[in-house]
Structures are given as C-alpha cells and as structure tokens.
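In what follows, structures are represented as structure tokens.
In the two complexes that follow, subunit A is the common piece, with subunit B as its partner first and subunit C second.
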Partner chain A sequence: MTRALLSRLGQMVLVLFGISVLIFAVFFATPGSDPSARIAGRGASQEVLARVRADYGFDRPLPVQYVRMMEKLFVTRDLTSFVDHGERVVPEVLEAAPVTLSLVLFASVFWLLLSLGIGIVSAMLRDTWADRALMGLSLLALSMPVFWLGEMVNLVTQSRWHDAWAFSWVPPLGYTPFARSPKGWALGLLLPAFTLAVAFIGLYARVLRAELLQAMGDDAIRTARAKGAGPARLWLWHGLRLSWLSYVSLFGLDFAQLVGGGALLVEVVFALPGVGHLTYQGLNTLDLPLIMATVMYAAVFVVLANAAIDGLYALLDPRIREARRGL
Partner chain B sequence: MSCRKGGYFLPARLWYDPALLQAHSGEESIRGLPAVRRGLSRFRAVLVLGPLCCCIPVRAEDSLPAAHRGGTLHLAAVGSGGTLDPQINYTAEYINLFVTIYDGLTGFRKARGPAGDTVMPDLAEAIPAPQDGGRTYVFTLRDGIRFSDGRKVTVEDVAASFRRLFRVGSPTAGAFYGDIAGAKACLADPAHCTLAEGVSPDPVHRTVTFHLTAPDTEFMMKLAFTHASILPADTPDHDTGNNPVPGTGPYHIVSYNPEGGIVAERNPYFHVWNAEVQPPGYVDRIEYRFGLTDEAAVTAIENGQTDWIYDPIPLDRLGELGARFTSQTHIEPHLTIYFAPMNVHIPPFDSEKARQAVDYAINRHAMTILYGGPAIAQPLCSLVPPELTGRMAGCPYTKGADFAHPAPEWKAPDLERARELVRESGTAGQKVTLVVANRSVDRAMGNELRDTLDAIGYHADLKPLAPALMFDYIQNSNNHVQIAIKDWSSDFPSASNFLDGLFGCENFHPGSNSSVNISGFCDGEVQALIDRAKTDVTLTDAQRADLWAQVDALLARHAPGAPIIHKYDVTFVSKRLGNFFYTHNFGLFFSQVWVR
Partner chain C sequence: MDSEALLAVSDLRVRLPGGAALLEGVSLAVESGRSLGVVGESGSGKSLTALAVMGLLPGLAADGCVRFRGREMLGLRERDWRPVRGREIAMIFQDPMTAFLPVRRIGDQIDEQIRLHENLSRKAARARTVRLLGEMGVPDPDQAARRFPHQLSGGLRQRAMIAMALSCAPSLLIADEPTTALDVTVQAQILVLLRRLRETGAGVMLITHDMGVVAQSCTDVVVLYAGVVVERGPVRDVLDAPLHPYTQALLAAMPPLDGPRPERLPAIPGQPPAPDARPAGCVFAPRCVFVREACGTRPPMIARGGREAACVLLAS
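The block that comes next holds the complex of A and B.
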C-alpha cells in the first residue's frame, strides 16, 4: 500500500515538473512575453521598467526564475498575479474550485442518469426505430460545440424569451454560493450544468450501448440466461456489471479534467467564476502565475483522479483485485 | 457665497450650476426627445429654491434632486483592471471610477463635450499663476478637507503623494512629473527619494510650492491626472494591490475582489469643494462586477440587470441596439485614433516616400466600414482627433490632393500616386510584415491594409499577435516590426498626447518594450516645435494650438505614422439609468447618473 502511494506521489511530482517546465518555457519563448512593461504600465520610464524587472526577478537567469516561482507556488504559497498585483493566485484558485466542483457535480448527475437510461434502452431495443432515434440524438448531442450550445441557451433564456413565462425563472448569469442561497445556487447552475452535460450524455450513451451489446454475448450472460434470469436482471445486473469498466474509467477521467478546469468554455459563457474561467482570464492577459496555478491544480486533480479510478477498478472487478494480489 | 454648519459645507454656486443645467438639458438633446422644457423647468425650480436652502445644514449629496438620489449603480466589465493603487493603475477601466474616489490639486471640469477639457482647481483653492518663467507654482490647499477615513488632508499629504509617485514607480513618474526638481534623482534611486527641492509644503500657510527644472505648459493637466491624486502621507511605498487607499471624492471603495468586483459606497467625509470638478454623487452605491462576456453584459443591460458595460459593444449587437434600444444607446466622441506606425529605421519604411505611399494608399473608407460604419468611426487625415485643437487643416493624402493643395476632407485612396512613390523609393517588391492585435476588428483592418500593401508593390504578410502581447512587441525595436496597426487614446485632452507621445524623441528607447514612439522617429525640426509648445508659458492657447498644428503638418510630411480612423464611443445603458453624463476624458461619469 505504502509503495503504491509513493509510486503515485512520484508520478505526480514528475507530471507536475514536466508540465510546469513546459509552461514556463513556452511563456518565455513567446516573443514579447516579458511581462515587465505590462506590469510597469504604458509608457513607463526606463528607470521604472528596470525597477520592475529587478523587483520581480526578471533580470535573473530563467532557471532561477523558475525555482523562485515554484517556491512561491508550492512552499510559501504567496505567488501573486502579474496583472492584479495584490492577488495571491493559490487562494484565488482555491476559491474558484467550489464553483467548478458544483457545476461538474450538477452536470454529472444529468450525464450519468440520462446516459444510463438512453444507453440501456437503446441496447435493449437494438436495431429498432427507437434505438436509431436515440443514437441519432446522441450523435447530435456529441457533435454540438459546447460554447455554441451555451450561447444558444443564453440567447433563448436570457435574451429573446427572457420575459416569457417559460424562462422568467432563469436568474441572471453568474454564480450564487450554496451557503448564501441553495435555491439560487441550484437555479443558477441548472442550465450551465445541462449544457455541459449534453455532449457527455451523447458520448456515454453510445459507449454504454456498445459495451452492453458486447457483454450480452459473454459466457456469463448465457449462463445467467440458462439459469432463468429475467431480462431486467440480465441487462441491469449482469450486463451492466460486465460493461462498467470502460464507462467508469471514462467518467473518472472526464470528471477529473472538468473539475480541473476543462469546463472553461461553459464557465466563460455562463459567467461562472470557476477554475476554467480563471485559466481563460490568465491566458487572455498572459498572466503566467495564474496560468501556472490553474494548470498545476488541474494536473494534481487528474493524477489523483487516476489513482482513485484504479482503486475503484479493484472494487468493481474482482479479477483486477486478484491480479494485484498476485493470485 | 457659501454656507457652513455642522461640518457640512456647500458652495451656493452648486444650486445654479450651469453644469447641472447641461446635465438636464443635454440628456434630452442627445436622445432627441421633446423634453428639453422639463429639464429647464427643473433647473428653474432649483434656481428658485437655491438661496432658501443654502443656509440649511446639508450633506453634500442632499444638494441633488431627492427624487433621483439613492439606489445602486450596477457596472460590468469582462475582467478586472488590475491594482487598486491610484498612482499605478493605468487602465481607463479604473481611472474612470477613480475620478469619483480621488482628487488632485487640480481637476478636469466635469461637463459634456469640449467644456470638459478645462482644468479647474480641485483640492487647491485656485490655479496659481506661473512664477519664475513657468518653473514655480504655489498652490494653497483648501482648509477642512478630509480623507474617507476621517483624517484631515494636509500639505504634508500633498508632498508625500508626489514623493510616492517615484517611490512606487508610477508609470507616468518620468513622463508627466519628470520635470519636478529632484525627479531625476528619485527615478534613479526611488528608495531615498525626498523630492524636497521640487515639492515644498508650508503647513503654516497651507501652501505647496512646486519647482520645475523646465517650464511645462501642461503641468496643470498632469496634476489633474489620476496618478497625481492626493493620498494620505502614510500610504505604503509599494503597490497597494487589492487594498484601497482612502481618497477625498464622493465615493470610497469598501470591497474588492479581482474575480468578483468592486463595491463603492458614499464617502461619509466628502464635501463639495468645487462642484464643477467633483460634484456630489446621485447613487448611494456602485457595484462593479467582473466576469460577464461582452455579449452577456449587453443582454444583461437589455434585461435591466446591469446598467453599463465598460468593454466595447460587440459589433454584431450594434444593429439590434440601434433598432430596439435607440434611447438607451449613445454615440459620443472619444479621443482615440487608429494609426499605422512605420519603423523609420528599417526597409522599406526607412524611405519617406515609401511611408507617404502607404498614407496615400490606405482606404480609410473601407477601414471605417470594418470598424463598424460611419456612425461610430470616420476617416482620419491628421494624427490628432478632430475634437482637439492643434491639428493641421485639410487632408494631403487623398485622391487629387497633396501638401500644396490639401483637400478639405478625405475622399478616396490614390493608388496610382502610391505606386509611383513606391517605385521612386526603390522599395518595390520588398517583403513587409504587418503586425496587428488578434481581435476581429484589428484583423479585418489588417487584412485590408495587407491587400493595399500588395496592391502598391510590396509582398505583405499579416502577423496577428495576442492583444496582451502586441503592444509590447511592436514597441521593441529588437523585434524589427516594419508596420503595425494600433489604437491610441489620450491621457488628457491635448494634441501633445498624440504628437509628442507617439513621435517625440524622448519617447524612443531602442531595445525596450516601453518605447511608445513605435516608429523610432526623431527629427530636430519637429522636436524643436514640440519643445516650444510644451515649455513656452508665454504662448496663448491659440498660439500653442498653432504650434501643435505645425508639428502635425510636419509629421504628415515625414509620415512616420499614417492616420487611419478616429472613433466614437458607443455606450449602452439600462432603461433605468437617467441623466446620461459623458465626458471626453472619463467616459460615463458615474457620480452624475441616477438610477431612480
């Protein structure tokens, strides 16, 4: 157990090191990226510019700058933004995380329930018109760019039919913390979460249908059928257990990358101040500390989520558990 | 005449302030509604009541019509504007808010149109007469001013504020205040800056004396700029970042989160010292929210959820606003130009003829259309926007015109003349890379100019760069940028912001990202005229304007930068926002609009 944990930790450090070096190198290799003049302000005198460069350490060799930045990010945790000079990026990211987590949790409810329903119904009604219609809809959902869908949702609910009875309940764009108003929190997240979930519903429904159909040809299913298991038990118990693995691993990775900032487009379109929105802002203003902090946060999350999925595998499939024990 | 009681002070002038009349009637004239009479009758009522009320103890804001006082003004911006330090922040986004929070010794008159370009005394009792040939100014600080934390403003605070400009490394410390005696030493060694020889406070007489090393005809305007705000002497000598500094304006910041927004409330210690510069505010609270996209903010204004957006209105929404929200949409002159700086040190634009060819060839009509149409932009022949004095008359670079026979206005590009000049310059066939910001409008204008450059004999490429990078990149001569398209706005209403700022020798710093003379142009004759316009305090305003016009004409001849268009500001406000009050320098003036 300890060995496995250490191995995971080692992997995480390697991933973080690789990504941070890459971001740092790309930033400083970009022409005109020296942030001194932007920090100093338009038309700043050369003396002021030199002072900013010295204060921020931009006159030092790049490896030294890298180490200082990592120290401020991970050890002293007082790395401040190049744009909002007094803003510490670590607390900034931590404050944004609950927004993203709320959005993704909300979305995952939609995407798990609907994709399970559609996937199972489609598989059970294989090659019927209903199956074709559901798979067609899934493909459509999968093909719609999420930012376009978000803008369309806003166009209908915030602009064109905002005052119509059907959408008069839709609150203004933005985020209401759960502690302030649970109702406001839920209403504000409903449409963004559904928008985010649409593509995943399509993808997961198609994956689940394919896995289920493949599982139905398995020996275990034939045995269960021979033992007299009914269709419901056959599909929902035996079939689902055999098709879980790819579905769960896919879910784990997607969930992690969304919580890590992958919901960027939805957050921007719906003005949700989450981690993705921060990343977008950092990229727009070329704010290296903010970019570094959000990407590091995402990387940590994805590595941890991978570890969690591996653990879940063992729980779901005895064969993996036994293989790990060397049986 | 004024009345004072219970610590509240109100100049009687406020009651028949012409700006207030303009505030009422101007709104109607903009919207074209037949309600001018209403505005006038309001004014008359105020005029009649004024003398009666003036001896009643009143709070500053009580002087405003009660029906419109109160409420919360909701502002929006896509992102925050950075630090709250008023001596460091250089974004219009915050400067336009800071004018309701901070004051300088002088300030711009808050009036619509060119009337707003006048400098008046703010925390100083009067604008002092120049002494010693314009090298010495003695200001008397008004008595009884308090910061928003209740502390009294002293002449020591004034001296410390100017010292702090250098200690914190304000971006304008060198450019605006570098002529104060001792400034050079402060720039070189900010930690030991005293500025003692340049700014001398006299607590007994409440005076502050400024000594300049050279006369500066624009010193009063520079003192009115936000960076010269008067702050408490104990304000830390570093960027205050997210922490607001107390000020003397009608509002003070009570909370700030760069990811969320700013909340400003009434300053309990605010007094009206000069109602034409810093009038009391109508709304009780200002909430500035960040995070909405420009599209979403426009929709929020349509829905009445937000009152105003800082960012430009997306072009695809202009038609909708013009058709359905006409009375809420305002088009106002803005002191901003688009121009094409050309590097005079590298081929092909080290040739004057090549630069003139570009000036002849630019299709300013097409550029106007690409920017959004003639309602919000116009072709530009001079490097100075038309709202300012000090620009040359006529248009030399248009079809059928030249320097000897300038046309009254731009008509059409003269490609034939441009091709001829390119041939004469010997630069035909050379490769040219045009750098633009990677924004839809700039890219479209860049494509148009690239095609034009191709059409007159060059092989042109377009290089769009991230907007956050582009300006730094084109300034640095090490990047060998040949030509670019850039917008440029003034800090204060003077032709110098465009002519000296962009083409003055002192603003070219080879190899630096902070070198706003992007072309690298430096000409002795032009500089001599610039220096005279900037330093000769014996000149009248008209004579100075004439000098700047000569500079403008000479720059047109040398063509280090080709003017393209000047633009108007499209402001969209909510239905509930009243008394739309727009100034040249600060856009929508938040303290003078009401929401009730």
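The block that comes next holds the complex of A and C.
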C-alpha cells in the first residue's frame, strides 16, 4: 500500500516537472523574443530590463534559467510582477484561491444534486415527454455560453429588477469572505455559482442518463429484478452503483479544471477576485510572471485531482483495485 | 395437464414489437418435487420461456396463460411481482460471470435477497448466507461471502448464485443453463445440488441444450424447436423412444455412452428457421427426413402412452 502510494507520488512529481518545463519553454524559451522585455512589461526602461535580465539569469544557459524560475515560484516565492508595480505573484494567487474554491464548491453542490436528479428521473421516464423535455432543457443549458448567461443574470438581478421583491436580496457584485460574514458569502456566491453550474448540470444529466440506461440493460440488473428488488432499489442501489464511474471521473476533472482557474468567465462577469480573474488580468496586461504562476497552480490542481480520481476509482470498483495490486 | 401443477404454462406466445413471433404457443407444467428439463437449440425460445415465467421479458408482448399456484401471472403488475420473485420463484442465470453485480461482495448480494423478503437482522441474514454457501459446498463460506464476484472461480460463483436463488426457499426454481459455463466435474456437482433441491419438494425447471444433463437430473422433459413444443413426456420414455423426428435426430446426434463409437455422428442438416421465416406448417418440416404433404399444416400435440408429440406421423 505504501509502495503504491509512493510510486503514485513519484508519478505526480514527474508529471508536474514535465508540465513546468513545457510552460517555461512556451513563455521564456521561445526563439526570437526577449523574455526580459516581456517580464518587464511594455515601455520599461533600460535599467529595469537589465535588472530583470540579471535577476532571472536570462544571460545564462536555459537550464539555469529554468531552475531560477522554479526557485522563485516554489522556494523563495518572490516572483515579482513588474507590470503590477512590484506585486509578489505567489501570495496573490494564494489569496485568490479561496474565492475560486468557494465558488466552485458552491457550484458543484448545485451541479451534482441537479444533474443526479435530472439524469435519474430522465432515465426512469425514458422516451416519455418528460424525458424529452428534460433532455431538451439539458441541451439548452449545455449550449448557453456562460458569459452571456452571467450578463443576463446580472442585468436582471442587478439593474432591471433589482428593487423588485424577488431580487432585493441580491448583494452587489463582488466577494465577501466567509470569515467576515457567512451569510454575505453565501448570498454573494449563489447566483455566480448557479450560473457556473448550469452548463455542467446539462452535460452531467445527459451523461448520467446514458450511462444509467446502459447499466440497466446489464445482466446484473436482471438478477436484481429476479431477486425481487423494487424500482427504487434497482435504479439507485444497483443501477447508479454500476454507472457512475464515468460520472465521477468527469466530475473530478471538471472540478479540478475549474478550481485551477477555469471559472475565469464567471469570475470576471461577477467581479469575483478569484484565480480565473487573476489569469484574465495577467493576460490583459501580458503579465508573464503572473500567468506563469496561475498556469502552474492550475496544473498542480489537475494533477492532484487525477490522483484523487484514481483513488476513488479503486474504491468504487474492486476489480480496478485488484488489477493495480497485481502490478 | 394437471390443473394442480405448481406452474402451468399454456399457449404462451411472445412476439417482437415488429410482429415476428418468438414463442408460438408453448405449453408446459412443472410439479412440486419434480424437475422439468426444457431442451432445444439456441434460439428455440428456452430462455425466453423462463423469462416470461419470471415476468422479466424485456419489452416484449406476451399472451397466453402462465399460472403459478393457480394464480395468473401474465400481466401482473410490477408491484405484485416483487414478493413473488426471489421468494416464490427464483432463477439461476446462465452466466455466473455477469449475473452478479461486479462491485459488491457476494455475501452482501445474497443478504440483500434475504432481507428483501424477510424481516431479518443483518447478522441473521449473513448467518443464513454463510450456512447456504456451506451447504452448496463452497469451502470456507465465511471468507467466500466477503469476496467480490471476480475473486471467485466460475464454479464457486455459480454455487453462490444457487445459494442466492435458494436463500428464501422458493417453491419453484428456474435454472437457465446453469452449467454451460462450467467444466464437467463442477457441472456434475451442481446437478446433484439441483436434484437434492427437488427432493425437498420444490419444483425445478431446468433449461439446457444438453440431453445428458436432462438424463442426469430431470424427471420430465419438454423439447422446444423454433418456438414450438414438439415433444413432452417423462424423461425415461422420451430418451428411450423419442416420438418426434426432431427429438430422434437430436438424440442420434449424441455420442453413445457405450458400444463402438460411430465414425461420424449424424448431424441434422440445415439450420433452424429464423423467427420471421418460420414455415406455416410443422416448424421442423424443412429439415425432417419424414416430411410429407400433411406437414403443410401445423400438427397439434398428439398423446401416446403418457406423453405427447406434435407430429403427423403419430396420427396415422
């Protein structure tokens, strides 16, 4: 068990190393561009350029540059944004992380509950008008651009009908930390989280319905019926148990991707100072250190989530557990 | 046919949504303490008959009459089926590899069936599960109950399947080719288990394509061909002197147990007809060596000496 864990850890470190090399190469080792000029930002003076070059070792061979960069990111954590008046980048990202995490956690509650509900109901009522209506709605939700939906939500709740009784509870755009006011935190995140969740609800409901219907044709389900199991037990206890492997892995990946900054559009539209917002800001000002930091941060999350999914898989399916032990 | 039979199926017809008939009037009866072998080639409708009796036909329309303990089962609501399935009528499926849920432990799956039908504590249910597994000859049943299906061999899995089917002491057991996936020694052990069950007073319906299995463990036999019952009677009579040309051909295609081995076993020429291409007359006529003009209309079952066969040869 410990050996499997250690080897898994080694794999993760290797993957992260690969990703960091790749990111470094894309941003700093692209031929024909001067990375110092890009880090220093537009219209930087000669002195600043010289300082950046010396600081990052851009006058030295590439491996040294890479090590310097990683050292600044992970060890000394003093990677500095020149565009943003000397702001330290790593603390900035770490400060934005809880905002994104809150948003995504909130959204995933909506998205899991609703997609489970819709998926199961649709599968049970397959080929009825209710199923068709639910699947149609899911397709609609799936194909609505999230930035448009966000703007529409804002238009309705922030300006047009803000004073109507239905939306008077909606706080102004922005983020209230949980520590300051749990109620403000929840209210402020409710609409952004729902907006973020809508597309995922649609996708996950459709995936779950398909998987569930496939599982229900399984021999094991016929056995369960022959045992005298009722519909609730059949669908939830047997069917769902067989069919949610792909649902779970999909969720893990999407969750990680969102926590890593994939909720960018929602964060920008609702003015939430999260990691995605930070990435957006970095891209806007071509703030290379900031982009480097956010991309690395996202990579860490995706790798971590992958490991978590693998662990969960083994928990959910004993056959996988076995195969792995055999290796 | 005895009206007091445990299970009486008469004139059971099953058709595809498109209209092609899969079963064309199957009649059979299983009595308590006896075991009925249902024999036929693949596609003859054996498994379909079993599923119809369990009310588990997947989206197919069935009509006719299926009476279990004098109660009409066809068209029963799903809600009314539940207390019957697993408790009164239990089924053993052909492939023990796929019939268990792969992600739950064997013991949990057997416990589930017990607790679905009886108000028992977890502990009591598990005790019965372990006892049943032991009776089925599973070594170290306590351990086996804690294993996942893929961790057991095919034979052990089929025993667990039988233990599950027997867990609520059903009065009718349907076994759909319970030994096809197993090797011969295990097959013999499983058949002994089924025979013991029959001796305790339950009715057994054993579906198989293997005449040897029928000879070993059944008291009565029904021969199905292309969705039609062609012969029916006590096992000894049918095996010793088959009346229907199809049964005769089927038995002739088996290697003899003793005496000189024939150079080649006689095979039945041709293929059984597809459901949508069945002849209007006798379904076996296209492959029958005795075919004659009268075979153009479907022959009724004709009784002779305690058994019946559907063949014009008997009428003359």
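Keep this in mind: the second predicted complex is superposed on the first by the 259 of 327 C-alpha atoms of A that agree within 3 Å, B and C clash if a C-alpha of one lies under 4 Å from a C-alpha of the other, contacts with A are read in each partner's own complex, and residues count from 1 in each chain.
Note that in this section contacts are C-beta pairs under 8 Å (C-beta built on N, C-alpha and C of every residue); 3 or more make two chains touch, one makes a residue touch a chain.
Treat the numbers as computed from the prediction; the structure is a model and nothing was measured.
With both structures placed on the common chain, the touch criterion links A:Ala96 to subunit B but leaves subunit C unconnected. Contacts of A:Val268 after superposition on the shared chain: subunit B is touched, whereas subunit C is not. In the superposition on chain A, contact of A:Val48 is made with subunit B only, not with subunit C. Applying the stated contact rule after C-alpha superposition, one finds that A:Leu116 touches neither subunit B nor subunit C. Look at A:Leu213: by the touch rule set out above, it reaches neither subunit B nor subunit C. In the superposition on chain A, A:Gly32 makes contact with subunit B only, not with subunit C.
With both structures placed on the common chain, the touch criterion links A:Leu190 to neither subunit B nor subunit C. By the touch criterion defined above, A:Thr223 reaches subunit C but does not reach subunit B.
According to the touch criterion, subunit A has no shared surface contacted by subunit B in one complex and subunit C in the other. Chain contact summary for the complex, subunit B toward subunit A: residues 79-80, 82-85, 88-90, 169-175, 178, 187-188, 190, 239-243, 258-260, 289, 291-293, 295-296, 299-300, 302-303, 305, 465-473, 475-476, 479, 501, 507, 509, 512-514, 516. On the subunit C side of its complex with subunit A, the touching residues are 54, 56, 58, 78-79, 81-87, 90-91, 93, 95, 98-104, 112-113, 116-117, 148, 150-151, 164.
Only residues 217-220, 222-231, 233, 238, 241-242, 316-319, 322 of subunit A touch subunit C when the two sit together in their complex.
Those residues of subunit A that touch subunit B in the complex are listed here as 30-34, 36-38, 40-49, 51-52, 80-81, 83-87, 92, 95-96, 151, 154, 158-159, 162, 172-174, 268-269, 271-273, 277-278, 281, 284-286.
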